[in-house]
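Each chain gets a letter, A, B, C and D, in the order it is written, and its residues are counted from 1.
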Amino acid sequence: MITVGILGATGYTAYELIRILLRHPEVTITTLTSRQSGRPAVSSIHPSLAGRLDLPLEDLEPDQIAERCECVFSCLPHAASAAVVKTLADAGRRVVDFSADYRLHDAQVYADWYGEPHVDPDRLGQVPYGLPELFGDKIRGEQIVANPGCYPTSAILALAPLLQAGLIRTEGIILDSKSGVSGAGRTPKLATLYPECNESLTAYNVGKHRHTPEIDQVLGWFASGPIEVIFTPHLVPMDRGILTTAYALPAGNATEAELVAALRGFYSDQPFVQVVEGLPGTKHVSGTNFCHLAVRCVRGRVLVISCIDNLMKGASSAAVQNFNWMLGFPETTALLP
Amino acid sequence: MITVGILGATGYTAYELIRILLRHPEVTITTLTSRQSGRPAVSSIHPSLAGRLDLPLEDLEPDQIAERCECVFSCLPHAASAAVVKTLADAGRRVVDFSADYRLHDAQVYADWYGEPHVDPDRLGQVPYGLPELFGDKIRGEQIVANPGCYPTSAILALAPLLQAGLIRTEGIILDSKSGVSGAGRTPKLATLYPECNESLTAYNVGKHRHTPEIDQVLGWFASGPIEVIFTPHLVPMDRGILTTAYALPAGNATEAELVAALRGFYSDQPFVQVVEGLPGTKHVSGTNFCHLAVRCVRGRVLVISCIDNLMKGASSAAVQNFNWMLGFPETTALLP
Amino acid sequence: MITVGILGATGYTAYELIRILLRHPEVTITTLTSRQSGRPAVSSIHPSLAGRLDLPLEDLEPDQIAERCECVFSCLPHAASAAVVKTLADAGRRVVDFSADYRLHDAQVYADWYGEPHVDPDRLGQVPYGLPELFGDKIRGEQIVANPGCYPTSAILALAPLLQAGLIRTEGIILDSKSGVSGAGRTPKLATLYPECNESLTAYNVGKHRHTPEIDQVLGWFASGPIEVIFTPHLVPMDRGILTTAYALPAGNATEAELVAALRGFYSDQPFVQVVEGLPGTKHVSGTNFCHLAVRCVRGRVLVISCIDNLMKGASSAAVQNFNWMLGFPETTALLP
Amino acid sequence: MITVGILGATGYTAYELIRILLRHPEVTITTLTSRQSGRPAVSSIHPSLAGRLDLPLEDLEPDQIAERCECVFSCLPHAASAAVVKTLADAGRRVVDFSADYRLHDAQVYADWYGEPHVDPDRLGQVPYGLPELFGDKIRGEQIVANPGCYPTSAILALAPLLQAGLIRTEGIILDSKSGVSGAGRTPKLATLYPECNESLTAYNVGKHRHTPEIDQVLGWFASGPIEVIFTPHLVPMDRGILTTAYALPAGNATEAELVAALRGFYSDQPFVQVVEGLPGTKHVSGTNFCHLAVRCVRGRVLVISCIDNLMKGASSAAVQNFNWMLGFPETTALLP
């Protein structure tokens, strides 16, 4: 049994992570942290866990965490996360980092988009990007993995194979993404108050969302040249789910059927990516680690529609999938819903 | 034209009030207050008002307000409201008070439920309770009106006529009420964050909700003896609407048809109360000043089901209805949707 | 491995059942039935199953089903279900029946509420009522189990222990229940169209809901006399979840703490019932087989608030829990979320 | 007073139309039609109208309608609508046609997209397209107006001024549109059942939606050459509202500020179009005839985000705005919310 700790355990991704790990036959959760005082029972913060997990939330130092845990999942915010991950990694612990800290490989790009210098720049580029469908071989056995952003997961799974195969062009990619509200986190703010979001739809952070350089970087690895996507996130009145409508210019004369075949071929061994015939909906993947993809050619443009659950394949189930690869467990352990 | 001010203009009830008053042919909105600094444009707080109302939110003293407004609608919290209303009333201004401050006639009951002594106890009992369907004659021409609570409106309109007619008993009344989330206000808090409320249903403040003594008091005026209701509020994943399912013991042998006839007779001259044959839904009254009532007899118990829009008949349209009575305008002015 | 068939596999409860059974280590799903022609792939009806279950929906006769399955879960409507269950049972197959057909033990009560005579009256009273928390010993090893209704599950778990302990009275019980829309099934009808339900709340079938005699019957078994509840179902704009607010008259002077203790004692060995301190919400049990209960005493009345997921503890996970009892598997197999 | 009839009065757009017309000081609704038998009261179909409109739904012939109404609003489906409109127009009645029948000016394009020949081809091109912000002069005094589609309204208001000013290019326009469920109508079908839509997001009719040629045609009138948009509609779990994210290639070097200024200049006299600074949300225009537009330049691409209420500016309030232009009433009559 692997002893596991979860840092920043009060949010939505932490709850989903706990829920999944409780099913994992090789895991014992030993530690949950939060800056809340008074060591509240986790079930007082996540009432669904009543009778299922009897642990307090504790405000611990990194070395205390390292003592108790062989593997740590960090749900801390960026910068705060790298500060702890650094210590845990130096102490030889395994870490799955939910934050953006180890995703970008260029410290300057990080500083440009996150507004502060990176606290652990030497590790940048050494930590694999945790999309096992694309980088499984790099993740296997690793000590640290950078868990991808939710929007990037939906976009990269849709387009990386087509870029690699030279079927779409590198310029002119538009990603119109729509997300449920849980993606905005559990800290109360006006924009995510129920009567503000419900019965409304908005775009937000247009041209400024921090997932942009992450998408550029990873798609760039699969393309013949640098990528600069137009990425527009929208907030949808639902708890969870991301649907990305990706628009790309074709690079040749591939038909819709050939594009579908290329995606199917690429993902033929992947248990969690399904290239479907109908049009996918976020509900079809809700609560799962699946990604559903569909391709359509419209008036000379290639559309790939991609659905994931932002809290699962976009965060917590992806983290366990990465954990399984790091530790050598079967990839689907605890992940088939 | 009556010059009108709105105190505490950032919330949901204030927005609905503005929307209604913009249609009122006898009203000019001159003043909007809030403690926000910087005199933000109202349309920056309520984006729906872009191009429709060009006023700032200002942090004003009561005497400044009195200078600018003949009538003031106070959307301030309890206690804060009475402190201002007192000054405005002493200056001869008309006030519709959305807070609970002038609803309860007994200062001790107020202190017991609101946890502090009343700041203007001498006016208690002098200010009419603003349900024109029951107290229109007392509201006509008045200077101050206590706008009722949302839950009490739904409950009192359902039961007062049956109590007055002696058709139901005073003891054993159960009010199982369900409200949309806007009733909890616009201040961000965890309980009303979208992913907390959506896809969930909870009871809250069971046995402790401050609308309880208000319902007891007003129903008591129509009954042969004191009333102590069992009132259970629930939070429903929708923006607006209250449905109260009222359970009462019959006082005699009245049939369902006779109970319906009694309610219909009582409200025969009231434009905003409809006793319907089917079962009402909150959507049927959404955005309106209407209350829909239905009666069912089940296994010897009388059920009255009552639907209102908590922001409209439960707050802002009711306030304008009261304003119309106070000023002598036709009751339905600006209120037919 | 037990070979399993699911009858009427197109609906919401069937989907949840499939999802759970795919995780069950002792089960192979061999057969899915529906009256749809053309043997459509199950993933064309339930897109979430793409890549997870590759079976067609078939229109089969009972004897064909009996050939292929050791255990059958029937999600057919009442009357249609008993007609098939009869044949399957006669052929020695095990059955978990989701319909109401074997829940009521009195054929006359069945006929009164369901409007037609029972097709298999001799078995009535022989088939255990599938609430393992109350009737586990009767379910163990049985051939047929009557899976309970969703509302009855929420109500009976709340009140049966208090009735049995003589802590509440048999008369005057009011059950104000609220359910998500999935409870109304997957057949398109105006009342459950999105724009009809969304942003609305209604009561329905007041005094007429067919779960009424089921609640009366089972609570009656725990009471000192016959039970006639006032049961009012409401439709809430959410996918899933039932919250029942139960109002009962106390039978003695038990305090809130004593009532809580009685419930906790009764369920102390039950993994799926939690008596919580805070007020439960349907989201706390969403997607699980759990029931959360809370007790409050208000002005001399006993309130028990009960939350379940109508599709899970109210249907499909309960069915698997019953299956585990019937077959002797650990009760929680495949049911810890 | 103008006597008005509404054809096909059972749907959502008809309800909104009735609601608006009840406020219109120059209108008397005399006739409501539907193929339902038995002349049901309109309030039995639209419960919100209880006590507000006492008319039956009748199954009438065109000449009966012409006898009773000076102006007819047709909410009938395409083809069925033109058949009646033809007769009414020949009889000299005014008509606002909600269907697509008179929007497209080319009978062949109509036949290609609607799958049948047009029944009144001679009038095509004679009937103005009912967007008063663009075609007010052509609508004034007209006998028939083609009320625009909901998606086209959101898209055309966003882009027509920029095309006309030569600020964006004609090729490469992508319209990623998102709509609430009421846009799919009130006929029960699986795709719009509550538990199918809620908590889900899907694209639909990708590359096939019939609003495509309508957008092409009208934008083409403002462009230097033919337009072929990529239009992708999505279904969002909310009652009402359309948000279109329009992506266009700039035609020159105009800055974001210059694009905003161009839109503001174009709409400076229009009461119902607001070019806002923040990012618009559908809720900001819910229940109103307003369109909110915002412009952003992202990595060399021009984005215009456009919000309307699909049932209002996308249908029923637009129809009344057209009616006001046709009859010479002030444009905003009955339309300020």
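Everything that follows uses one rule, which is that a residue touches a chain if its C-beta (ideal position, glycine included) is under 8 Å from a C-beta of that chain, and two chains touch if they have at least 3 such contacts.
No experiment lies behind these values; they were computed from the predicted model shown.
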item: Touching chain B and also chain C, the following chains; value: A, D
item: Label of the chain whose CA centroid is most distant from the centroid of chain A; value: B
item: Pair joined by more contacting C-beta pairs (A-D or A-C); value: A-D
item: Distance from the mean Cα position of chain D to that of chain C, given in whole angstrom; value: 46
item: Distance between chain centroids, defined by C-alpha means - chain A, chain D (Å); value: 39
item: Distance between chain centroids, defined by C-alpha means - chain A, chain C (Å); value: 36
item: Shared-contact residues (touching 2 or more other chains) in chain C; value: 180, 196, 198-199, 237-240, 280-281, 283-284, 286
item: Complex contact set, residues of chain B against chain D; value: 19, 22-23, 44, 47-48, 50-52, 199, 271, 274, 276, 278, 280-281, 283-288, 290, 292, 336-337
item: Contact footprint of chain C on chain D as seen in their complex; value: 12, 180-182, 186, 188-190, 192-199, 237-240
item: Chain B to chain C touching residues, read off their complex; value: 172, 174, 176, 178, 180, 196, 198-204, 206-207, 228, 230, 232, 234, 236-241, 243, 245, 247, 279-284, 286, 296-299, 301, 303, 305, 307
